[in-house]
Amino acid sequence: MKDILEVKKLTMDFGGLRAIDNLDLDIQEKEIVALIGPNGAGKTTFFNCITGLYQPTGGDIVITPPGKPAERINGLKPNYVTQRGLARTFQNIRLFQNMTVLENVMIGRHCRTYAGVASAMFKTAFQRREENKIVQDSYEVLEKIGLSEYVNELAKNLPYGAQRRLEIARAMATDPFLLLLDEPAAGMNPQETRELDDLIIRIRDREGISILLIEHDMKLVMSLSDRIFVVDYGRKIAQGTPDEIKENPVVIKAYLGEDLDAQA
Amino acid sequence: MEHFQYFIELFLGGLTRGSIYALIALGYTMVYGIIQLINFAHGEIYMIGAFTSLIVAVVLTSLGFNQLSIIILASLIAVIYSSAYGYTIEKIAYKPLRNAPRLSALISAIGMSIFLQNYVQLAQTSDFVPFPSLIPDFDFVEPFAHIISTQEIIIILTTAVVMILLTILIKFTKIGKAMRATAQDREMALLTGVDVDLVISVTFIIGSATAAIGGFLIASHIGMINFYIGFIAGIKAFTAAVLGGIGSIPGAVLGGLVLGWTESFATGYISSDYEDVFAFALLVLILIFRPAGILGRTTAQKV
Amino acid sequence: MLRLNNIKTFYGNIQALDDVTIKISEGEIITLIGANGAGKTTTLMSISGLTPPRTGEVMFLGEPIHELSPNRIVTMGISQVPEGRRIFPHLTVLENIDMGAYLRSDKEGIKKDIEYIFDLFPILAERRGQAGGTLSGGEQQMLAISRALMAKPRLLLLDEPSLGLAPKVIRQIFDIIVQINTEHKTTIFLVEQNANLALKVADRGYVMENGRIILSDTAQNLLSNESVKKAYLGI
Amino acid sequence: MFMTFTILVIKVDPIQRSVSWRWENMVMVGVGSFFLSFLWRYAMARKLAGNKNMAEGKILKTTIIQRLMEDPKLFRPALIFLAVFVVAFPFIFSHYQINIMTTALIYVVLGLGLNIVVGLAGLLDLGYVAFYAVGAYSYALLNYHFGLNFWFALPIGAGLGCLFGILLGFPVLRLRGDYLAIVTLGFGEIIRLVMENWNEFSFGPSGIANIPRPDFFGHEFSLQNATIFTYFIMIGLALLTIFFVNRLQNSRIGRAWIALREDEIACQSMGIDKTKTKLTAFALGATWAGMVGVMFAAKTTFINPPSFTFMESAIILSIVVLGGAGSITGVILGALILSLAPEYLREVREFRMLAFGACMVLMMVFRPQGLITNVRRVYKFEKSPDSKKEQNL
């Protein structure tokens, strides 16, 4: 097993506020890793740094895509990061509301296709072939995620749980080797959460994609993850397997807290 | 020495001009601060203020009132009318769009601006109208009259007074606090019992009143008005507001002065043909390189 | 004191609440628990008038309030501590507290209440001149509660007061909540994801799932209810 | 509402001039505002009711035009009729009418060009007329100095428009929403002011006259025929524009524009290069403006800076908005309405701009989506069921 993502001493300052403080994190091939911690601990900021939406103040982010050499991706624009094979979803759903479900996924194919302005205007053979391929590929992704019934619905008319899954589908369409999910189960009912659990496992097993997720639903986190990182005030306070984390006194004090006390 | 005097003249000219921009910019900044809308029709409010004061002044002169009462009544009525317009515009064109995309509100604002321009053009005239010079020259200004006129002094003083009053209003009064709260978090302001609709209306009224004062002063300063003065003045005042950092009261004044000086010196030392070009170029440069303005604060983009 | 009768609330086309009925009596602490996105916050927003219900009615002290504007509802005596605190970031701590008393005009009373608040949260007194946005999460939560208290509410709505706070701070906040309830007879409607904590301080609780109330009982019974235990208390 | 009512009545005052007191205006405005306030209240009530209906899942009635578009049985004959009408038009109607129609077509193309920037990519451009001016001046000046003819100037104008589009596009990439709008407005005004003041280059406010009309392989027409010829060129240009814009809209680039409009951050995170996408939108929009600018110069044979004021930009923008941003049919319809209506309603012509402003406000308040809603964008993706079959086999 080798690291496909290695984050070293990542630091992010906003004005005088240190949102992320010397954070280390690594993900290996075909691994599901969870990032947990209280709200405001810097989890989403961490995602934004990795995916290029924020410029980290310090530290290194190194990716090693399967079969490719390692590369430092600090400060790369988001679209280049996606092109390198990192795709993400958002905590507060950010779909293209007035586009259809299929079109949303087709946008995901954008960075893997090439047709430009001229070929679109003159509808070259190449462009037509590519368009067909985009439609085909996008539809396949929708089938895998189980959204094929909604193909031509507008994204905004989808039920909540389906919108969350569409975000995953859209991210999948970019052919990533690492998928970053920001609270994928937020707002889902228990049934939907169970389906999500299956889906994430399937994505890992069948597509060989590694997954890094932020999540508050402990049941989901504990059952899914191979390893868990716990952050608080931008600092890593623990890392380990779900069982180790459950027992870790520092984590219980800072995050899991009274729930566990009460149970015991 | 001659050089220096020329410089002083340009400096004071810029100060006067900047004060006018500042007066209009205050309204822009207040409205933008509270509902994040570029009130395109604000320039038109100023134009209406100028026209109203002209009409009142002419009517009163023909009725034989004395000069002081004309000045007071004309500016007072202009303020009242402009405020009424500001209030109505908000109710018709912006309030129904409060939860719509910002683009819709902006287009609505442009529509309002076009409407008002043509309304005045149709109701009055499309020609330039001479504005009677109302403000008398004070004797004590006489020795300096070649550098600065009484009118200019009044313009500068008025701007200073208005700015100070507004700052006090916003910093220390209850409605001022409600305005700031509304600007920062409208829903939360509602939840503390603030009548947000009322606060927004008051903001429009105050903003319009300052614009009307500006309209009255500039009209008597330049001596000519037409229906189109609002557009250019509005754009420049907006530039001033952005320059100083939109949403900030002292920023608007500072921005107005900087813009006034830039124009004054640029036309004085470079070329008078491109006066407006300088203003627009400054606007473009500012927005590109420092969109938060001189006194503005940058806010991190939330993802 | 407060009754929600079969309310249905929508966001645009999406139905967020379905036939929600809740009763709160004077002096109680009532909690509403449920998963993220179940409709808890929407329930509060329906009471405070920010997203009024499309059908059904909200009665407060025997009067319908579901057609009043939010600021009128505050006048009636309902204050809210919203999710995420919603401090006015550029107002000072003192100004934030003052905003809570926006509808009051008894200068003496306000002064006394500010003193009381500063007794309750000494840290706020220390920071009175600081901008609200510079406070830590826990301090902001205290400030948000203080702001709501300044309106002298008869009913206090609390939305996820424990969200994102350290356990130690959470305990402190919850102690204060109980203290407010006992000292001032202020009725409290508490929305929480941290069900365990909420049920411990509450008299009665409602459980919400997908915009519907699926259970309601005394807090004691809910704590020992098997399905609640499984769904909301355990890991 | 009663507050508004009283103010509307008081509003009358500025209408009075010191010399002539026009009380009759006051009465008219009073009566008018009284009825208008009722109308306003009625419309607001309807709007609220409409929102409710939509929310409760009632399907909105489709407009006639939409039905026409969707039903091929109706659509084809309508299209043929339209084509015959378009071809026959110059031979039936007068010289004057043809000119009006040509102008209307210019607005169609301008609207479609701006639609790329505003409707698809969601970038509010208030200085669009600058590119139009660039095209017009490039033909006028090239012809004046070098005697360049129309056909060579057309691509050059388009190219220069494109170049200016990129020039403007680069610095404003970081800006969004209303700041972008203001900068483009400033840019548009700068171009006009430079044209007005740089006498040596652009002949200042007096403008450039005697610009030749389009010729046909060196053959010059009589005035009458030249008008007809210009009309047909314009028809060709308009068709070409519709054709290309339609293809662009349904392409990979077009989808990227729409995604950019919908959510800039998500769009970037999906691997779309924001810079490139915005620039192509600006450049393509400007290209069409430049091209039509050449056409405009050739048609009127005289250009000067007042043809390119902010008002012109505002009119083009309202074409896009009125028609329904993003919808090609809508924009065409909007252009025809906005450019033809004032011409044919001569009596009310002086109220044209007044009505314009009022329409913009009312549209935004009551029908922000425009005349033609662009709801269903199912276009050619109906292919998917086939792929489903293959998958299942």
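Letters A, B, C and D mark the chains as written, and numbering starts fresh at 1 in each.
Keep in mind that, in the parts below, contacts are C-beta pairs under 8 Å (C-beta built on N, C-alpha and C of every residue); 3 or more make two chains touch, one makes a residue touch a chain.
If you're wondering where the values come from, they're calculated on a predicted model, not measured in any experiment.
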| item | value |
| --- | --- |
| Which of B-C and B-D has more C-beta contact pairs | B-D |
| Distance-maximising chain from chain C - centres being C-alpha averages | D |
| Chain B-chain D separation of Cα centroids, rounded to whole Å | 31 |
| Whole-Å separation of chain centres (CA-atom averages), chain A against chain B | 49 |
| Mean-CA-position distance for chain C and chain B (Å) | 43 |
| Numbers and ranges of chain B residues touching at least 2 other chains | 303 |
| Multi-partner residues of chain D (each touching 2 or more other chains) | 265 |
| Junction residues of chain C - those touching two or more other chains | 13 |
| In the complex, chain D residues that touch chain A | 244, 247-248, 251-256, 258-259, 262-263, 265-274, 280, 284, 375, 377-378, 381, 383-384, 387-388, 391 |
| In the complex with chain C, residue positions of chain B that touch it | 174, 177-178, 180-181, 184-185, 187-196 |
| Chain B residues within the chain D interface of the complex | 37-38, 48, 51-52, 55, 58-59, 61-62, 81, 84-85, 87-88, 91-93, 96-97, 100-108, 110-120, 122-124, 231, 235, 238-239, 242, 273-274, 276-277, 280-281, 283-284, 287-288, 291, 303 |
| Touching residues on chain A, where the partner in the complex is chain D | 51-53, 77-79, 82-83, 87-88, 90, 94-100, 102-103, 106-108, 110-113, 115-117, 120-121, 123, 127, 130-132, 134-136, 139-140, 143, 148, 151-152, 154, 170-171, 174 |
| Footprint of chain B on chain C - complex, ascending | 48-50, 69-71, 74-75, 79-80, 82, 86, 88-91, 95, 98-100, 102-103, 147, 151 |
